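These are the structures in question, set out in turn.
The two complexes that follow have chain A in common; it is paired with chain B in the first and with chain C in the second.
Up next, the complex of A and B:
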């Protein structure tokens, strides 16, 4: 029993790291642009398909392929921002973007169906089933490397936010958009790049997701509902909160799975509701993560 | 009256649902403190937004030493040397005071120049230097105002727009904030102040502008406006008359 529990916790932490990476993108976009990118789940799947195609058609290892898919997803993100998000203004903007990003998600989903069909696929490099034997536990290498990549990229986002001029302008906008404008920060440009970064991380998230799950074009729905619950739980707009909440929720799900796999999802969302009743600003949120 | 730094002529502006400013004309003399007073809804804050470029006027001109401002972006107006300290608190609360000051020089590319400006600003407001490592959100309302002033000075502006700096401050704190405004002016900046607290604002100022219903009702020296019988009755409370 203790053994199974430990294994479940280890798995939860490893998968949680990958969800954290995807959620960090979502929470950054929310923090800076004040919008919820409903398309984030489908974008993860798009990232997964990009890695899948590079591997199956061009025989590029999915990890090496990130050098292509991350910049590609960044460009897609900036393009979505330019074409749709930046055009929405006025008081209804936040609620409008829910619809608009949902529509963007549907468009991408439709294209993916057209291109790849409805069958489930999985990214399956030769090492997909090999595992490391650590202290009596078997842990799949794809989970370990997925976790390592996720931690490295979340670290990179952290450095970008806290150690660069760009990051300073991002944090300034998150804390007080009007004041950021007054000191001369180009809010629209920073927003476009942030949206790009927030989408770019889905390339890595999608790659790992696609190696550890069979997926098709509509796998994005399950993802987006989990990602949303993670960023709500972590405190909207908080990067550290998203990390903690992702690891917590996925570990919880992994542990529940030992007893009753069919209950795992139900417990996941029940936990979300209970925690929010107890702490409306999320597990790690202060009164207001975004001071207004 | 010294020659105007900023001239506003026939400005008509609003937020879509009708005009808030209906032909506003006044001068801001260079090197002086000018105070705009008037009842709620007179359009005082809208004047500020029109100058800083946050709101585009429908008609009229605004010039800074002859250069037209209408049609320029907020960033271009900032680069011309006009900074605004808004009515609501505008610090980045989770950053330190120093980070806030530093962001005041965001548009300056040369980092060594930013440090030099910060040192000059700290020299003018030594209290602020003492708070440098504190989180801006941990300061009191009056302290935050001083940091906002200090941040505004980072660009060594020609004109500082102060939108109701007294908002939410106790009379004691108000005095120190107004002293700081005077200090910025003595240091060379022209100040345009909008005040709900008309009497205190006009006492501080060389020049007063009284607005009503989106137009200028009266302009003159601070003293003239303060002592104008009709204005005293209307906006300043009768007690002023004895001053």
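Up next, the complex of A and C:
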């Protein structure tokens, strides 16, 4: 029993790292731009399909392929922001972005469906089933490397946000967009780059997701609801919060699965509701990050 | 002003007559099918408008009521062995189920605002979908079937059309009554500034709760109609995440915050997406086409086609005269700094 529990916790932490990677993009986009990017789930799947194609067609290892997919997703993100999101105005802007990104997601999903069909696929390089033997536990290398990459990229986003000049202007916009514009920050440019970075990390998240799960064009919907829960729980706009919340939630789900596989997801969402009632700003959010 | 009111009510009468005559003129079941489903969504959209359109709380969990209404009817018909038209007597049960579910749902979700509210409604929605999958009395993933109705295709669709039309008209009347009452004014005060409304003596929680229950009742009722029309419900069709997003999209498409806009959006988008599905040349592309149409409307008529259209007509009629901008449009007009997104808009509420 204790052994199963430990295994479940370890799995939960490792998978949680991957979810954190996908959620960091969402929380960044939300925190800076006040945008709910419903397309994030589909973008993760797009990232997974990019890695899948590079691996199957060009025989490029998914990890090396990241050197191609991350810049590609960055460009896609900047393009989406430039074409659609930067054009929205008015008092209902946040709700409008939700709908616009939903429409963008529909289009991307339709294209993926057209190109790849409805069958589930999985990125399966030769080492997919090999696992490390640590202290009597078997842990898949895919999960370990996924976790390492996730933590490295989340760390990179953290450094970008808190240790660079660019990050300072991002945080200035988070605090007060009008004041940031007054002191000479090019809000539009920073917003576009932030959206690009938020989408770029989905390339890595999607790659690991595609190695550990079978997916098709529809898989984005289940993902986006989980990712939204994670960023709300972590406190919107908080990078560390997203990591903490992702690890917490996925560990919880993984542990509950031991006893009750069918209800594990319900426990996940019920935990979210309970925690939010207790702390409306999320587990790690400061109350004043954004007005509730 | 008097003439305008007269013209308006005249227009409504013409619309109603058209709606009533529609299945008589087009009796083809594949055409009336569009009518039935469009009216189902129009009713649900008005239900959404009563709560979310008035209060500004964007609810993405309406499928909870829709699915619960459908399941309540299906379970009751099965367990009480009801047959044929007697099943319609269960519609009030569906409606009451919606109202009852709205109470705990509202007590949880209405304590938080804005984005947290949106996500809480999504979370509760997924809990309901999972319950429909896993409870012993819901029929699992294969869902529920309804009793058999021995109507021929033409009267079948026509009868359901009139039932759906009655629901839609009822919902519109309720929404209209809510909108012009003191209650509706309190709801809109909450939308504008909840804390200030509270300070002025609006019992915010009670008012929101009442609106949420009305909204849930209407949505669950039409969910029951929808279930009996299609003769079946599965967890992923009754509790469909796309239902929520489509509903919100319809309303923003037609015109957020107005009854006519909500109805219009539903009456356009639902037949449009059904029709796109039937075109063989678009096979596999219909999702892309639908997404593209929505994007174009959202980008070029960001306030919905109804307000934008009305503005356009006003512009033509007042051409050459000094422009008179209606007071309601000032707030939504492009701001003085069009070069950058208004990031600060989030902090105001």
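Quick notes
Here, the second predicted complex is superposed on the first by the 290 of 292 C-alpha atoms of A that agree within 3 Å, B and C clash if a C-alpha of one lies under 4 Å from a C-alpha of the other, contacts with A are read in each partner's own complex, and residues count from 1 in each chain.
Operating definition for what follows: contacts are C-beta pairs under 8 Å (C-beta built on N, C-alpha and C of every residue); 3 or more make two chains touch, one makes a residue touch a chain.
Values in this document were obtained by computation on a predicted structure and should not be read as measured data.
Contacts of A:100 after superposition: chain C is touched, whereas chain B is not reached. By the touch criterion defined above, A:178 reaches both chain B and chain C. In the superposed pair of complexes, A:273 makes contact with chain C only, with no contact to chain B. Of the two partners chain B and chain C, it is C that touches the larger number of chain A residues.
Contact with chain C, but none with chain B, is seen for A:229 once the two complexes are overlaid on the shared chain.
Of the two partner chains placed by superposition, only chain C is touched by A:265; chain B is not. Comparing the two complexes, residues 176, 178, 180-181, 291 of chain A contact chain B in one case and chain C in the other.
The touching residues of chain B, counted against chain A in their complex, run 52, 54, 74-75, 78-79, 83-84, 86, 88, 90-95, 99, 103-104, 106-107, 137, 151.
For chain A in complex with chain B, the touching residues are 168-169, 171-172, 175-176, 178-186, 291. Note for the complex: chain A touches chain C at residues 30, 32-34, 36, 38, 84-96, 98-100, 102-107, 109-111, 113-114, 173, 176-178, 180-181, 187-188, 191, 221, 225, 228-229, 232, 236, 262-263, 265-266, 269-270, 272-273, 276-277, 280, 290-292. Those residues of chain C whose C-beta lies close enough to touch chain A in the complex are 58, 108, 111-116, 118-120, 122-124, 126-127, 130-131, 133-134, 241-242, 245, 248-249, 252, 256, 284-288, 290-292, 294-295, 298-299, 302-303, 331-335, 337-349.
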